[in-house]
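For clarity, chains are labelled A, B and C in written order, and residue numbers in each chain start from 1.
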Amino acid sequence: MAAVQVAPRSRRLPSFLGAANLPDLTFRGIVFVIGALGLVGIIALIVGSMIAESMPAIRAFGPSFMVSNVWDPVKRQFGAIPFVYGTITTSLIALIIAAPISIGVALFAVEMAPPWLGNAISVIVELLAAIPSVLLGLWGIFVMVPFLQRVVEPWLIDRFPGVPLFEGPPYGVGLLAGGLILAIMVVPTIVAVSRDVVVAVPIAQREAMLALGATDWEATARAVLPYCRSGLLGATILGLGRALGETMAVTMVIGNRADISASLFHPSYTMASVIANEFTEATNDLYVSALVEVGLLLFGVTIVMNMIARLLVWSTARASEAQLRMA
Amino acid sequence: MPAIVLQTTPKMAQRQFVDRVMGALLSLATLIALAPLVLVIAFILGNGAAGINLDLLTQLPKPVGELGGGLANAFVGTAILIALAVLMGVPVGILAGVYLSEFGHSRFASLLRFLTDVLTGVPSIVIGIVAYSAIVLPMHSFSAVSGGFALALIMVPVVTRTTEEALKRVPQALREAALGLGVAEWKSILFVVIPSGMGGIVTGVMLAVARISGETAPLLFTAFGSRFWQDGLNKPIAALPLQIFQYAVAPYKDWHNQAWAAAFMLMLLILGLNVCVRVLTRSGFQRVR
Amino acid sequence: MVGISLAASLESVATEQRAEVVTRAAKGLETRNVNAYYGNFEALHDVTLDMQANKVTALIGPSGCGKSTFIRCLNRLHEVVRDARVEGRVLLDGQDLYEPGIDPVIVRRNIGMVFQRPNPFPTMSIFDNVAAGLRLNGVRSRALLTDKVEKSLVQAALWDEVKDKLKKPALALSGGQQQRLCIARTIAIDPTVVLMDEPCSSLDPISTLKIEDLIYDLKQTVTIVIVTHNMQQAARVSDYTAFLLGNEQRAGELVEYGVTKVIFTNPSDVRTENYITGRFG
């Protein structure tokens, strides 16, 4: 082996870089600069360019951007409300449908199903997660939307006449379609995280409830679910984060009209969809900048959701560990 | 003395009933959740199979309104974009994963790890905007490079985390043995630890590739799409998911059929990669030799 | 009638407190030829044992001999594990708990269990923990719950320490207190038998003594079966002792059983003697 060169130890270098010799130092340097600083650079690039590109619109409209519902490229008036409404509504619909179902799947897979079935379910859920948005959108346009238009929406109009939620002609495309397709996309996320969260509940909790004379469901509902409720909340918020940022599938079934309407059947627009549809058509710089500002809004909200969700899930994992280690 | 009654009472029967109903509901929820997968795959396979022919794979798209043609340039385009993304993103991702796993014990590293996880949740359309601003604007043109860059930005956090997890699975004893034998740290990591974790690293990259091959949103204003053969990496380029999107929302039935067929191929690719990863993982691909 | 309506019986309890405690007779538990399996592995073989009413029966034996498996057969908790099953009979007051048609949930209501590590429900207060079993059985009356919770905490020797902080989270208590809380939770629903699986093994000596003291009082109202790896504890606390032997290769078997004093001073089987004198295990 070659003789080891001992480089003088500089007190000013961070301890990570305090390697004993040049080759090690070089290696650590490469790893750090390309790897760690590369990651930092990416984060900085994303945050930086989003803010920089939306600056013109921020300066032009200020806070009114968030409350105005006028989106007029010709008059150069831009307000984000229609898209915020569409995004929130479709995401809410998606969560209301997907969260209970997903948590139910997680409970089924962990508590009820035999191991082989539980694993099979995990596999199928992962495959569902792997389907690209555009392919779900394709199926959405040609299979789900006609079904909604010809079967579901007319039925809803019939059964609930006069309810504002179900008013208007059954277009097929619209908030309901958007919400449904988002629900399908969000289920794998919530199931996967919920499953991990439920598995982490110590068996002793379930057994303690069973030992008091509880049925299987009572043990699940009174011992397991309360124990991991913050983790389940985290899973749901992660799903919400995913729903907010989904673009292609929603764009293909939501109808793409910047309208605010109480009816679920009405075509609408989400923040991601308006960017997807109009970015390449944007005729002037302010238009582009306004779209980027919509993107910045979307970015900010998704990041915050993501952070909150991860902290919630992480805290459940720590609670389980702590209980297990406790004497 | 009161006898102990073990027979079921009415109240008990009610609780048993609730138990059974909830069990049924949970099973139902599972069926409902998994049904879309079956439906989507079935429709894509069903509608797409008919449109698979040699033309699809070898012909360029015909001018708008004309029947026939294929998506050869989109297949090639996706391949080029994936190659660019891998070239730009995988080295950064792997090195970042090495950093977090081997040297990442500081608060800075913990923060970086957390931010990387959060990065995986950035909407892909936002990534598209970033790539647009970073590359398309300065170049004054849509291009393959910007598309590849966008996809690389999506890949990096994923590859970073999977690489870190793969390296974390390498037993500490291996590192200590190498260092104990007098092997330099850089050699021990490069020639012992990383090869041991190679299985996990490779499967991580495969999963990331599966993910980006279906990404459309970030390509909308970077790669932009094209109806012609590639003319250089600094020009717009066709991509399979992009073409599927454009054909699906257009009014031509012929294009719809081609979209289904292309979806079939894309689905095969993505499911194939996922199944491959599963099989490799189960066969001990990732276990330390 | 215990088991028909807990709420109804509790109402009568509220008016006949003292009398209830004295005249209430616990029942004995008997096992006949019990085999217990995890899949194909036989963990217990042919265990026939009588556990006398209102007495404390201790189960001793080396690690892995099947003591915990055995008591989990008594309240039908063994079968909760996948592929686990029980053969033979377990009789409570002459009724076979494993008879087809008998719901294990009802069995477990009558046979309570205290686990090795305290496992209070962390999202519930002290009060709610003790009341958990009562609420399961449909008891809603605030007065009844409060009364029952207090009685149980008194019997578990915990009342004085928590009476001012019933609404505080259960995890705020120390390990020994949490275990007494779990005991209170178990006895709140008036089980006939209380099973204890090494209840003091994770506790300090002072908490251990407190629990051993309360066991002595508790046996006036319930039958107690306690698993312990601590022979001094068995000698202190129990009226009868059963010695089991088994390991990963051999199914656990009952070697000897009898009055505690006799087992510890004059065992009949040489294996018992070897274990007690510390020659192995």
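Everything below uses one rule, namely that contacts are C-beta pairs under 8 Å (C-beta built on N, C-alpha and C of every residue); 3 or more make two chains touch, one makes a residue touch a chain.
It should be emphasised that the depicted structure is a prediction, and the values quoted were computed from it without experimental measurement.
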{"item": "Category of the chain touch graph - line, ring, star, complete, other", "value": "complete"}
{"item": "Chain pair showing more contacts of the two, A-C and A-B", "value": "A-B"}
{"item": "Chain B and chain C: spacing of chain centres that average the CA atoms, whole Å", "value": "53"}
{"item": "Centre-of-Cα separation between chain C and chain A, whole angstrom", "value": "47"}
{"item": "Separation of chain A from chain B, taking each centre as the mean of its C-alpha atoms, in whole Å", "value": "15"}
{"item": "Contacts with two or more other chains, residues of chain A listed in rising order", "value": "215, 218"}
{"item": "Residues of chain C engaged with two or more neighbouring chains", "value": "105-106, 110, 137"}
{"item": "Of all residues in chain B, the ones touching two or more other chains", "value": "15-16"}
{"item": "List of chain C residues in touch with chain B within their complex", "value": "1-5, 25, 27, 92-93, 95, 97, 102-103, 105-107, 110, 137-138, 192"}
{"item": "Complex contact set, residues of chain A against chain B", "value": "1, 4, 16, 19, 21, 23-24, 26-28, 30-32, 34-36, 38-40, 42-43, 45-46, 49-50, 52-53, 100-102, 104-105, 107-109, 112, 121, 123-128, 130-139, 141-143, 184, 187, 191, 215-218, 221, 238, 241-242, 244-248, 252, 272, 275-276, 279-280, 292, 295, 298-299, 302-303, 305-307, 310"}
{"item": "Residues on chain A engaged by chain C in the complex (per definition of touch)", "value": "114-115, 202, 204-205, 207-215, 218, 222-223, 226-227, 229, 319, 323, 326-327"}
{"item": "Contacting residues of chain C [partner chain A, same complex]", "value": "75, 77, 80, 82, 105-106, 108-110, 112-113, 115, 117, 119, 121-124, 132-133, 136-137, 175, 182, 185-186, 189, 202-203"}
{"item": "Complex interface listing, chain B residues touching chain C", "value": "1-9, 11-12, 15-16"}
